[in-house]
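Both complexes shown next keep subunit A, but they swap its partner, so subunit B is in the first and subunit C is in the second.
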Partner chain A sequence: MSRLLVAAALLVAATAPAWVWNPYHLHTLIMAGIFAVLALSLNLLLGYTGQLSLGHAAFFGIGAYATGLLTVKLEWSPWIGLLAAVLLPGAAGFVIGRLALKLRGAYFVLLTISFAGCVSLVSVNWMDLTNGPLGLPGVPPLEIALPGLPAFSLRTKSAFYYVVLAAVGLAYLLCLGLIRSRVGRALVALRENETLAASVGIDGTHYLVLAAAMSAGMAGLAGGLYAHYTRFVSPEVFLFTYTVTMVIMVVAGGKGTLAGPVVGAVLFTVLPEALRAATSWQWQMLLYGVLLVAVLFFMPEGVVPALRRWRTS
Partner chain B sequence: MTLEARDLSVRFGGVAALSGVSFAVAPGTVTSLIGPNGAGKTTAFNVITGFQQPTQGTVSHDGQAITGWRPHRIAARGLVRTFQKTSLFPGLTVRENVLTGLHLRGRVGVAAALLARARVRDEERRLGEEADGVIDFVGLGARRREAANGLSYGDQRLLELAVALAAGPRILLLDEPASGMTTSEKASVAALIARIRAQGVTVFLVEHDMRLVMGISDRVLVLNYGRLIADGDPASVQRDPEVIRAYLGSGAHAHA
Partner chain C sequence: MDQLLQHLLNGLLLGATYSLLGIGLTLVFGLMNVVNFAHGEFYTLGAYAAFAALALASVNFFLAIVLAIAAGALAGAACERCLLRPLRGQSIDTVMLVMIGVWIAMQNAELLGWGGVAKSVPTPFPTRPVVLGPLSVAPLRIFVFVVSGALILGAHLVLARTKLGRAMRATFQDRETAALMGVSIERIHTVTFAFGAGLAAAAGALLGPVFLLYPSMGDLASLKAFSVVILGGLGNFAGAALGGLVLGVAEELGAGYVSSGYRDAVGFLMIVGVLLLRPSGLFARAERVG
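So, the complex of A and B:
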């Protein structure tokens, strides 16, 4: 039953551009994919190590600016840009993890919020580098250029959809690989009981730094993809709303599960759009709020754990 | 493999939890640390395992000074402790708890976890077998798949022991492993400690139950108000007038 469901979902995901003819709907799906990468990334910290990063949009934004600046100002290849969009936020995540040292819970939240605040201010005020609020227009599209063949641009929505789908698959496999090993158990041990973890030889700081760096790198990848998709980067990428949306997706989807963030991302990207189509704008956000509260009220652990429980009982 | 504490002092503000305590735990023995509540027993454990820095003094293991090391490093050296208050990975199953305890027995790092899945599979199989062995050793075989926070109190204490054993201790420091247990549960814990020792693990025990302590210990150390007042075999410690005074003379009741 569950295998069938997964196979059906994969089939739908793999063929979507063929039957989703409305470009706006396809755009919604692409955004769902970008958010799925972000939610998987946040889940690595929030769901497994139990630490809430409320500055996750910073890593997303640094990723977007990294590739945006390299490709616009230095005209480097977008692929190198994307690599930088992973490495630079990853390094920032590493630093945050080191700084966190013994800061946990509310203090970790404050650290990440302050970090995001700083980065956002830099993007607005360092005019020479970032163009400030004007942003960086003209980010080039991704292109596949094989020697001897004409370059194949990934600027169409259906092509970019597959790029994002691949990124979601990669992020998912990354999380899966970590979680199903002793590394994953060490992350969970931090969430469950860090003192006991230390007493059996698990170095909490080491694993928190690791999770923060990998999580930030994944969020950066999402930011890089977003930059090449919208072809524009502005301080808007640092909006707190992005972080809040990620948290909603992870928590409502099921934190600490692998499928939860993906399900949450699809659900909470498609839902507002469906509500927009079904109602007027006054009702859209209100209904969104009511539905979110309902989900958390009836499925406090999230959609995926609730479905699992429902199936086994 | 001797654990040695020399001149340990811990002060919290004006209160001296430990003052100038020195002792050694010989390899292969069961050594117990007893004393009235607040005597500094848990503080001594915290200092030895790196959870607390001593104000003064040193701890060494095998001649290597380990004072100031972080807890995970001390654990990696083979000094593994349990906690006075039940301490588990509550949301995980019995088996997952023990697998987490086996952390030091695994080698896979991030790169291998992501790229060398075959190695991970082999390691997971090996660790799984080891986990099952430890679970059977403490007698929780029937509870393998149950969540830790759903176990009975007695089983939770056994699981704590299993998690600590999984970490491969050379010296196992048990902080009141039998507190709150029924008489028959205490007897099985005593038997378990004897079996752990028979496997060559040195046991360092903090415990209030005198019958348990006197029954299984080779040596008994007595703390009172942060000072070591007696150190010897169980029979001589029981006769020691100062020990009797510490337990009875102050008007407090003996724990037994």
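So, the complex of A and C:
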């Protein structure tokens, strides 16, 4: 039953551009994919180490700016840009992880908020580098250029959809590999009881730094893809709304599960779009807030674990 | 030299309101173990309540501030009764996420109610600055400073001298023992949260006329409050009062001598610096948080 459901979902995901005619609906699906990568990345920290990062929009934004600046100002290949979009935020995540050496819980949250605040101010104020609030227009589209063949542009929505789908697959498999490995078990042990974990020789800081760097790199990948998709980067990528949306997706979907963030991402990109006809953006954000509170009250583990329990009982 | 003095004065005047914000937050954390991310929304609520009382009901300016504080305290009490009480005993992270939800909901409710256009609050004070030798300062700012100082002193006296304050301090030190001595923990929690929210609303009502009102004004206020609390040490009343002044002065100096665009970065950098070097706060004598 469960396998059938997964196979059906995969089939639907793989063939979507063939039967989703409306470009706007396809756009919604692409955004759902980008958010799925973001939610998976946040879940690595929130779900598996128990540390909440409220600065994840910073990694997303650094990724977007990394590839935006390299491709627009230096005219490098977008693929190198994407690589930088993973490495640079990853390095930032590593530094944050190192700095947060002894900080957990509320302290970690505040450190990440402060970091995101600083980065956002830099993006607005460092006019020479980032163009400030005007942003960077003209980010080139992704292109596949194999030797001997004409270059194939991934400019169209249906082509980009598959790029994003591949990124979601990659992020999912990366998380799966990590969780099933020694590292994943160490992370869960740390989340459940740090003192006990330390007593059997698990170096908490080491694993937290690793998780933070990987999580930041994944968020950066999402930012890089977003930059090449919208072909424009502005300080809006640092908006706190992005972080909030990620948190809601992870918490509502089911933190500490692998399917949860993906389900949360799809739900919370498709639902608001469906509601858009009926409500304005402000109502949507208001509903987000209420929904977050309601989920924590009535379904504290999230949709995916709740569904699982409901099926087995 | 004159310029430096002017910056220091401006910093102290601004810092007093930051202290007010920080004290509310630090009390709620110390007593209830709640990381109140909605703190800035009570600040916004206070500012808009004062605006509503002044512009719509056209009451007296001073009465409007009192009404704003009452509105903040009431909203805080309601929030505690409806949301925090049922969650008591849950992990601190769950409560933190709930307060993030409250923050988003309150902010967007304000956006819906008041619209996104910035509003300014009329005041009865003359705009002509008072000149003291080389320094000049707006009368409104002096008023804000005096009221903030009075409120901080009042909050201190309530905590130090009254029976309620003793019950609050007892709960802070040891919840179970306080309960055994006949302190109603439930009531103390409601009062504390209302107290914190009321102080935030007071800061909003006082700073609202100095700046402009807009629905997302609470975000920065929250961050400043957190900076203050971290500077002073989580749960440390005197630390928060001093931390507010330190932050105000640091911001003024940063804006004056570095770049006004990075003014708000000063708080962020101070958070990072303090967390890394002295996580228990600048003024802590002993570690208060586990």
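Everything below uses one rule, namely that the second predicted complex is superposed on the first by the 291 of 313 C-alpha atoms of A that agree within 3 Å, B and C clash if a C-alpha of one lies under 4 Å from a C-alpha of the other, contacts with A are read in each partner's own complex, and residues count from 1 in each chain.
By our rule, a residue touches a chain if its C-beta (ideal position, glycine included) is under 8 Å from a C-beta of that chain, and two chains touch if they have at least 3 such contacts.
Remember, predicted model here, so these are calculated numbers, not experimental data.
K.L.:
Is A:279 touching anything from subunit B or subunit C once the two structures are fitted on A? First, second, both or neither.
P.N.:
In the superposition, A:279 touches no partner, neither subunit B nor subunit C.
K.L.:
In the superposed model, which partner reaches more residues of subunit A, subunit B or subunit C?
P.N.:
After superposing on chain A, more of subunit A is contacted by C.
K.L.:
Identify the partner contact of A:121: answer first if only subunit B is touched, second if only subunit C is, both if each is, neither if none is.
P.N.:
Only subunit C is touched by A:121; subunit B is not.
K.L.:
Examine A:288 and indicate which partner it touches, taking first as subunit B and second as subunit C; both and neither are also allowed.
P.N.:
second
K.L.:
Is A:2 touching the first partner subunit B, the second partner subunit C, both, or neither of them?
P.N.:
neither
K.L.:
Touching subunit B and also subunit C: which subunit A residues?
P.N.:
Overlap of subunit B and subunit C footprints on subunit A: empty.
K.L.:
Subunit A touches which residues of subunit B in the complex?
P.N.:
Subunit B reaches subunit A through residues 49, 51, 70-73, 75-76, 80-83, 87-92, 96, 99-104, 106, 108-110, 112-114, 117, 120, 123-124, 127, 163-164, 166-167.
K.L.:
Would you mind writing out the residues of subunit C in touch with subunit A in their complex?
P.N.:
29, 35, 83, 86-87, 92-94, 96-98, 100-109, 111-112, 219, 223, 226, 230, 234, 259, 261-262, 264-265, 267-269, 271-272, 275-276, 279
K.L.:
Which subunit A residues qualify as touching subunit B in the complex?
P.N.:
174, 177-178, 180-186, 188-189, 192-193, 195-204, 210, 214
K.L.:
Using the touch definition up top, name the residues of subunit A that touch subunit C in the complex.
P.N.:
Counting only subunit A, the residues touching subunit C are 50, 52, 54, 99, 102-103, 105-107, 109-111, 113-115, 117-118, 121, 124-125, 240, 244, 247, 251, 282-283, 285-286, 288-293, 296-297, 300.
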